[in-house]
Each structure stands twice: as C-alpha cells, then as structure tokens.
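The following pair of complexes shares a single chain, chain A, combined with chain B in the former and chain C in the latter.
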Partner chain A sequence: MRGFIEIFKMDFKNLIRNPVLVGYNTVFSILLTLIMGFLTSGAYANPTDAYNYYAVSFLIYCMLSGAMTSTNCFMERDIKKPNLRIIHSPVGSFPIYFSKIVSSFLFDYICHLLVILILTLSLYLNFGGANIGYIILLMAPIEFAASALGVFFCCIFKTEEAASTLLSNAISILAFLGGTFFSFDGMGGVLAFASRLSPVKWMNDTFFSIIYDADISLVLPLFAGSVVVSAVLVFGCSKLFKTEDYLC
Partner chain B sequence: MENILTVRNLSKSFKENKVLKSIDFEVNQGEILCFLGPNGAGKSTTINILTAALQSDGGEVLYKGEKIGGRLHGYKKQLGVVPQDIALYEELSAERNVRFFTSLYGLHGKELDAAVDKALEFAELADKRHDKVKTFSGGMKRRLNIACAIAHSPDIVIMDEPTVGIDPQSRNHILDSIKRLRENGMTILYTTHYMEEVEAISTRIIIMDHGSIIAEGTNESLKEEFQNEKRYFIEVEDTMSLNANDFYSVEGVKNAAIKDKQIQIISLKGIENLDRIIALLSDKDIKIRNISSETASLETVFLKLTGRKLRD
Partner chain C sequence: MLSVLKNNYCRMLQRLPAVLIMTVITLVSIILAIYITGTQQVKGHIVYVSQTSPTTVSSKYLSVVTMTKEPPYSSLVKQQYDAFVIDNGNGRYDIKTLKSEDYKKMIEGLLKNPNVPVKLQNTDRGVGENIIGFMMMFLLMSTFMNLFTFADDKEQNQLARIASSPIRFSGYLAAHCIYCLSMFLPEYLMLVIMKLLGFDIGFSLLQYALLYAVIGFFGISLALLLHTLIKKPDNANMLGNSILVLSSVLAGSFYSFSKGNAVLDNVVKVLPQKQLLDFAHYLQNGDAFAHIAPLLYIIVFSAALFAVSCVILTRKYVKKI
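So, the complex of A and B:
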C-alpha cells in the first residue's frame, strides 16, 4: 500500500507539473465554451443559454478526453523511462497501472471542478443550482472510467501515441454524434438514431435533465453504468498489462 | 564463494526469433560478473529476465537456492537495477529522485534519509542534491542513475550498459564506483559491449553471442585458453641485411614479416624465444630501437570464437 501511495503521489505531481495537461483540462474547455457560445448566441432566445449548453457539453467532452491524461501519465516517452524503475521495484504490477488511473482521475476531476467554478462565478452559468451535487457526483465515475479507458488502451496498443490517437478520434466521433457541437435531435432519421447510440448523448441528456428539469431519474443508471465500465476496464488492465511492454 | 543466483536452461523467443537458447550460469556472492557480447547477443534479455521484468519461455532462476517466482517480492527487494536508459524524473531534484525510488523498497523515515544521503555521497552528487536533474551533465545523470539503484543496499546490482554515451572521465568514475560497490559486499552483474570495461572491472566474464554463452571464465583464463600465439613488434635501425625467412630458424616462430623498419613476428605461445630472436638480430649487427609485444585481448578471444569482431 505504501508503494502505491508513493507512486500515486509522484504521478499526481507529474500531472500538475505538466502545463499542457493543465491547460488542456482547464483553459481549453473554457475557451471552447466561450467561442462556441459567442458564435451561436444568436440562435438562442437567451444568449446565456448558448454558453450554458456548450459549457455542459464541452465539460462532458473534456471529461471523456481525460483518457488522454492517463495515456500520457502511463506511457508518455519521458515518463515511461523512470516508470521502468517502478517495474523493477518490489511493488508489484497492480499499483503501477492503478496509480496512473487514480492520479489521472483525481487530476482531471479537480481541473473540471475548477472549470465549473470559474464558469459559474464569471458567466453565472447554470450547473444545476441546488442539484449541482448530482452533477459533481456523476462526474466522478465518468472521469474514472475515462482514465481507466486510457490505461486500458495503452495496455492493448503498447504505446501512448497509438492509444491517444485512437482515443482522440473515437471520443471526437462519439462527441460529435452525441451533440457536443450541435444537437441532432431535431434532424430525425439516421442522424438522430446514430446520435442515440452515442454514450455522449446519454451523458448530455442526463446532465441537461438535472440542470434544466431537476430530473434525477437518470443519475443512478449513468452512475452505475460508469462504475461497471470502470470495473471492467480495470479488470481488463489487470489481464492485459505486462511489465515487458515497458521494456521496449 | 557462496552461490547467490543460479540460472538453468533459460530460453526466450520473440515470435520466431530465438534470443536466448537454453543458457546456464551461476553468480557467486561478491563477484563482478560481466556479460560481454555484441548488440543482439541476448545480454539485455538475460538481464531483463533476471530482474523479473520479462518472463522466460523456459528454464528457471534461483536466488539463494529458491525459485524467484515463489518469492518475487523478497527477491526484487534484494535487487538494484540500473537500466540502459537514464531512468530519472528530469524535473525533480537529484535527492527527490533517489528518495522516491528508494521509498519503493519499503524504506521510510530516518532509514530512508540515511540511505538517500549515503547514495548521493557515493555518487559524489551530495552538493548537487537540490539541483534538478535536467541541469545535470550526461555523466552526472549516469551516476545518479546508479545512486537510485543502490540506495536501498541491495544484495545484487544489475547494470545494463550503464556507461553508454558518456565521456571517458565519467566512465572511469563509474567503473571505480562499481569496484567500490563490490568492496561493500554487493554482487554486480554488468552487461556491455566494451571489452575495455570488462577487462577493468570483471572478476568473471560470460561471453554471449546469438543467444548462447560461448565462453565463460576470468579475464586471464579466457585469454589463456583462446590465445595460443603471441606477436612481437621489433623496430630496428636498418633492415637491409635482413630477410624474413631468417626468423623461421628460431623455434616457435610461425610467421615473420618486415615492413619498412619494423619486424612483425608471430610465435607460438609457451615457447620462450625472444632471446633467440634478439641474438639473431645481434649476429647481423642490427641495432634494435624498440621491442613490444601484443597483449592478448578479449577482442581477439571473441574473434577466435566467432570469426567476427565484437563491434561488427
């Protein structure tokens, strides 16, 4: 356990020291919200609604993109070399990949809570009002699942580059279909059907129903689903992770 | 000497490529065992299996008579590994690096403080302890790389080409420090393709090629075993009155050649004939300026064993 804590602390500190990751998980999401909110504000009766829509949808997009934080933390070239020493140490293999998942999860979670705080205080955006607790609660298992997904992809593809590229493309497609940039709800036919298949759409629907309708009926299914997905991914990592993948 | 590691029938393949072909060897307590061989000989694969980072396809490794698989945690605690790459956090200070990696071996509190201090002093980096690694020279990073591996005072230190890409001064410093580790009771396993390093530090050598052990012994015994001839280089004032065939009358001379003012003679080892060669030159009134003989090297041993140069 001591070994795990030491590795976790080191991984977390390494993430905080990485200006690209800090920027991507905070400034990027805020900038996207501001740009898209400004560009589409004319299409909304109340311009703030445009900012609010993109604040929530980009928050979900950035939460899922947290998978790239864990791929970086796990197999980024400069990090991989010192991690090799951890492989040689007597801590066992579980703390190695699990600490990457937990540290990435915590880092992303804190960054995204900061984004909510900044947007709430600066633009007075609505993240659920009295129900914001449900939003914050739901974010945790989604962030964790995203971090586990990043490490899982690294275990499969063995390199950060391959894992990040695939994840980035997959998440962008799911986000596009899920209505992150604009909703497909009113378009009907194949597009609306494809949109309903995207998990991003399920997340968007759940978050918006909490924020605008104070409807918490979807909280439990999404929470439970994210926990199950996380457990499956961690189990997958335990089966796929081989220390020799670190040697090449 | 007590046997500390035993390797039996170790084999490993990567897809169709057999990189280790059932090798056997033993490591004794307190020795510096050097693995010498060209790139692709199987040295690093052997090392990676010994560090338990890589699974072998067959065979076994025993630490103090017991299979390492059953007591991996305890075995790894007794290992210090110096990887070929510099495995350090560049953004952290030297001390933070040593402290973190040493803490993974269960050391904490004052015990950890003392171990960190000792390791940094050993690497002669105590005065740079608060400096970030990214500000260090290549040689300093290499020394810190070793400090991180030995701070927890392991029984066995495994070093995989730890002097790659550094200047001769830093290399000598590292080689000296390896000898000091041995004096402190540690057992060293060292891989390299630099025979000079092996000659400088080894107490025993394993020569590998194409995944097999092709020779094993001390520096002296290997040279003795595989070097059956010696070379003399004699520089003289004038060779006008001299014919290479003259030297074949001397017992043991296999080959003689004269080029400019230098005579090269290859003689069978074990036959002391230098005095007769000198006498022959004196008889012809030829003044000798210089005499030297080529010392047998591991390079020639390797050449004899494989028909190739070590760095081919």
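So, the complex of A and C:
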C-alpha cells in the first residue's frame, strides 16, 4: 500500500506540473462555453440560458475527454520509461496502472469542480441550486470511468498516440451526436434518433433534468452504470496489462 | 514546374489516409448541408397544452404536439421543444419560451394565421449558401494540410536548392497552388454528380467553380503566410486550424447568428469568410454583379497575404546563401 501511495503522489505531481493538461481541463472548457454561449445568446430572451446550456454540455464533454488526460499520464514519453523501473521493483504491476487511473481521476475532478465554481461565481449560471450535490456526486464515477477508459485503450494499443487519437475522435463524434455543440432534438427524423443512441445524450438529459426539473430519478441508474463501467474497465486493464510491452 | 507537381502527388500518397479522411468529412458536410436545408422549413416545435380539446392549430411552419400536462422545463433548455402554448380557453393563449421576443411574436402570429409565410430574421439560407458555409471550413483546413510538401521543403532547407536549380521560384509556388486546387476535385466531382442526379444544389457548376477558386486562393495564401512565419510545420498547422475553426464559426458559416452587437458585427465583417458568405447570399438572390465588392475584398485580402509571404520567403530562405 505504501508503494502505491508513493507512485500515486508522483503521478499526481506530474499531472499538476503539465501546463497543457491544466489548461485543457480548465481554460479550454471555460473558453468554449463563453464562445458558444455568446454566439447563440442572440436567439434567447435571457442570454444566461444559452451560456447555461453550453456550460453543462461542455462540462460533460470535458469530463469524457478526461480519457486523454489518463492516456497522457500513463504513456507519455517521459513517463513510460520510469514505469519500467517500477515493474522491476517489489510493488508489482497493479499500482502502475491503477495509480494512473486514480490520479488522473482526481486531477480532472478537481479541475472540473474549479470550472463549475468559476462559472457559477462569474456568470451566475445554474448548476442545480440546492441539487448541486447530486451533480457533484454524479461527476465522480463518470470521471473515474473516463480515466479508466483512457488507460484501458493504452493497454490495448500500447502507444499513447494511437489511443488518444482514436479516443478523441470517438468522444468528439459521440458528443457531436449527443448535442454538445447544438441540439438535434428539434431536428426530427434520422438525426434525432441517432442522437438518442449516444451515451453523451443520456448524460446531458440526466444533468438537465436534475438542474431544471429537480428530478433525481435518473441519478441512480447513471451512477450505477458508470460504476459498473469503471469496474469492467479496471478488470480489463488487469487482464490486458502486460509488462513485456514496456521492454522497448 | 511539372516535376514539382508530380513530386507533390507522389508525396501525397504517403499521407493518403489523412487526406482521405479530410475528403470524406468534407463530402459528408455537403450532404449534411443539403439535409439540414430540407428541414429548415419547420420554424418551431411547439407543445400545445390543453385539458379539453385537441389542437386546432396546424401549419406547415410548425410541428405541434398536444399534451394535457406541461412537459418538464428541461425540454425547453434542451431545445427539444421551442415553446409551450398553454390554452386558457376562449381562444387565449399563454406562450412560454426561452427564445427572444421576436420568436414569441412569430409563434403568436402563426397561431392566428397558420399559413402566412414567415421570415424569421435573416437566418433563412438557401441550399447553395448552406453548402458553401458548411464546406468552407473543411476546404480551408484541407489546403493547410495539402501544403505540407511546401512546409517540409522549407523546414529541411530545400528552398535555397530549388531556387538555384533551373526551375524558377514562381513556377515552384505555382505548382503548389495548382496542386492544392486540384485536391478540391473530389468535392467538385461530388457536386457535379449530385447535379446530374437532379439534386437541388443552389448554384450552377460555373458559380461553384468560382467560389471554390476563391476559397482555395484564400486558404493557400493564409497557409503560405503561416508556414513562412512559423518554423515548425506542426505548430503552424495547429495554429492555422484553430484560427480557421474560430473565425469560420464566428463568420457564421454553420448558422448565422443574430447578435445585434454593433462592435462585434464590424469585427466579423473584416473576416474574409463572412464576405464570402455575403457574396454567396447575393449570388443566391441573383444580384451578384451589383454586389461584387465582397468578392474583390477576399481576392485583395488573399493577394496581400500572398505577396507578403512571397517577400518574406525570398528574403529569408531563397536568397539566404
């Protein structure tokens, strides 16, 4: 256990020291919200509604993009080699990938809570008022599942480039379909149906119904679903992680 | 010049997957543009809330759903429905919407006279305008990618060698331009096929050729300038793509925004993409010759970028020896 904590501390420090990742998880999502909110605010009676839509949808997009944080944390060029040393130390291989998942989960979670704090304080956006606790509670397993997904893809593809390119494309397509950039609900027909297939859409629906309808009936299914997905992915990592891959 | 051209195609083959993905995305954007224009006629999805009678409202501009209870508020935020119309009896309505005052008035008008043609601001765009708007960003981004041969030459200091070879430098640049423009052919071919199959694509093929050439010229000039100013091709590519995405969205290539902000409107007008969309709008309405200024603006803008990059290139790289 002590070995795990040491590795975890090191991974977390590496993440905080990476300016690109810190910027991507905080400044980028705030900027996206501001730009898209500003562009669409003209059509609304109250501009805050436009900002609020994009604040929530980009929050979900950025939470899923947390997978890219963990691929970077796991297999970046400077980190991959030190992992080889840990393999030969007595702590075993489990802490290598599990500490990457936990540290990038914690890092993303803190960054995105910061984003919510900044947006609520500066633009008075609505993140659920009294129900904000449910939003914060729900974010945790989703962030964890996203981090585990990143590491899982690294275990499959063995390189950071392949894993993160594939993940970022897949997540962007799902987010686009799920209505992150603009909603397909009103378009009807094929597009609205395709939109309903995207998991991003399910998350958007849950978050919006918590925030605007104070309806918490969907919290439990989404929470349980992301916990199950996380467990499956961690189990998959333990099966697919092979120390031989590091003998570069 | 021919040998440079041939060389460019050979080097393109090494990067075929990336080129193909970009082309496919552009082709999909054309189809999406045509599809979305078809659905544009419906101006609003409304919910008619009434305890007693089913809806009497029917209009080709509205899609109406009747419910006895108001749907959750979040469906307005998610843009699933644009407005709730609550029937208070005696022909009086309460309209609940997040959209602007103008939109509310339009719905009120449609409830009274369901089939009066409505014009909502200037967001109505024809199919040709939509195709140009959707395609523009991808075409511009693909010119950036296609100029990689030039960027590589520059990075590896081949320019000085090329300048001292029998080929003239202007010929070398012209070959790159022709190469970039020729990479638009699959998209153009797609439009030709759609036209032959009888789809309504808005403009004539000649007009499309003109618009393609202008877009290509602008893209090449911008890419040339950024590649000249920035040493690493990867950095230039990333910067160029982010500039293009932001400026194209701001110019309203995907949907035109009604912002009513005078300062910002003037800033947006400086963008060549906005001018091109304006020109496409006039072209659609058939009075392009009276409004040739936007087109001239893009051409002059691109020519200026092109000239600046040529001057810097010759000073910095060609005459370095």
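FYI, the second predicted complex is superposed on the first by the 248 of 248 C-alpha atoms of A that agree within 3 Å, B and C clash if a C-alpha of one lies under 4 Å from a C-alpha of the other, contacts with A are read in each partner's own complex, and residues count from 1 in each chain.
Please note the rule applied: a contact is a pair of C-beta atoms (placed from the backbone, for glycine too) under 8 Å apart; a residue touches a chain by one contact, two chains touch by 3 or more.
Only a predicted model underlies this, so the values are computations on that prediction, with no experimental measurement involved.
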item	value
Partner chain(s) touched by A:232 [first = chain B, second = chain C, both, neither]	neither
First (chain B), second (chain C), both or neither touched by A:189	second
Which superposed partner A:49 touches (first chain B, second chain C, both, neither)	second
First (chain B), second (chain C), both or neither touched by A:209	second
If touched residues of chain A are counted for chain B and for chain C, the larger one	C
On chain A, the residue positions that both chain B and chain C contact, one per complex	none
Residue ranges of chain A in contact with chain B within the complex	2-3, 6-7, 10, 14, 17, 78, 81-82, 84-92, 243-244, 246-247
Residues of chain C touching chain A in the complex	35-36, 39, 42, 45, 63, 72-75, 77-82, 97-101, 103-104, 246, 249-250, 255, 257-260
Of chain A, residues touching chain C in the complex	35, 39-46, 49, 52-53, 179, 182-183, 185-189, 191, 204-205, 208-209, 211-213, 215
Residues of chain B that touch chain A when the two form their complex	48, 51-55, 72-74, 76-77, 79, 81, 83, 85-91, 97, 100-101, 103-106, 108, 148-149
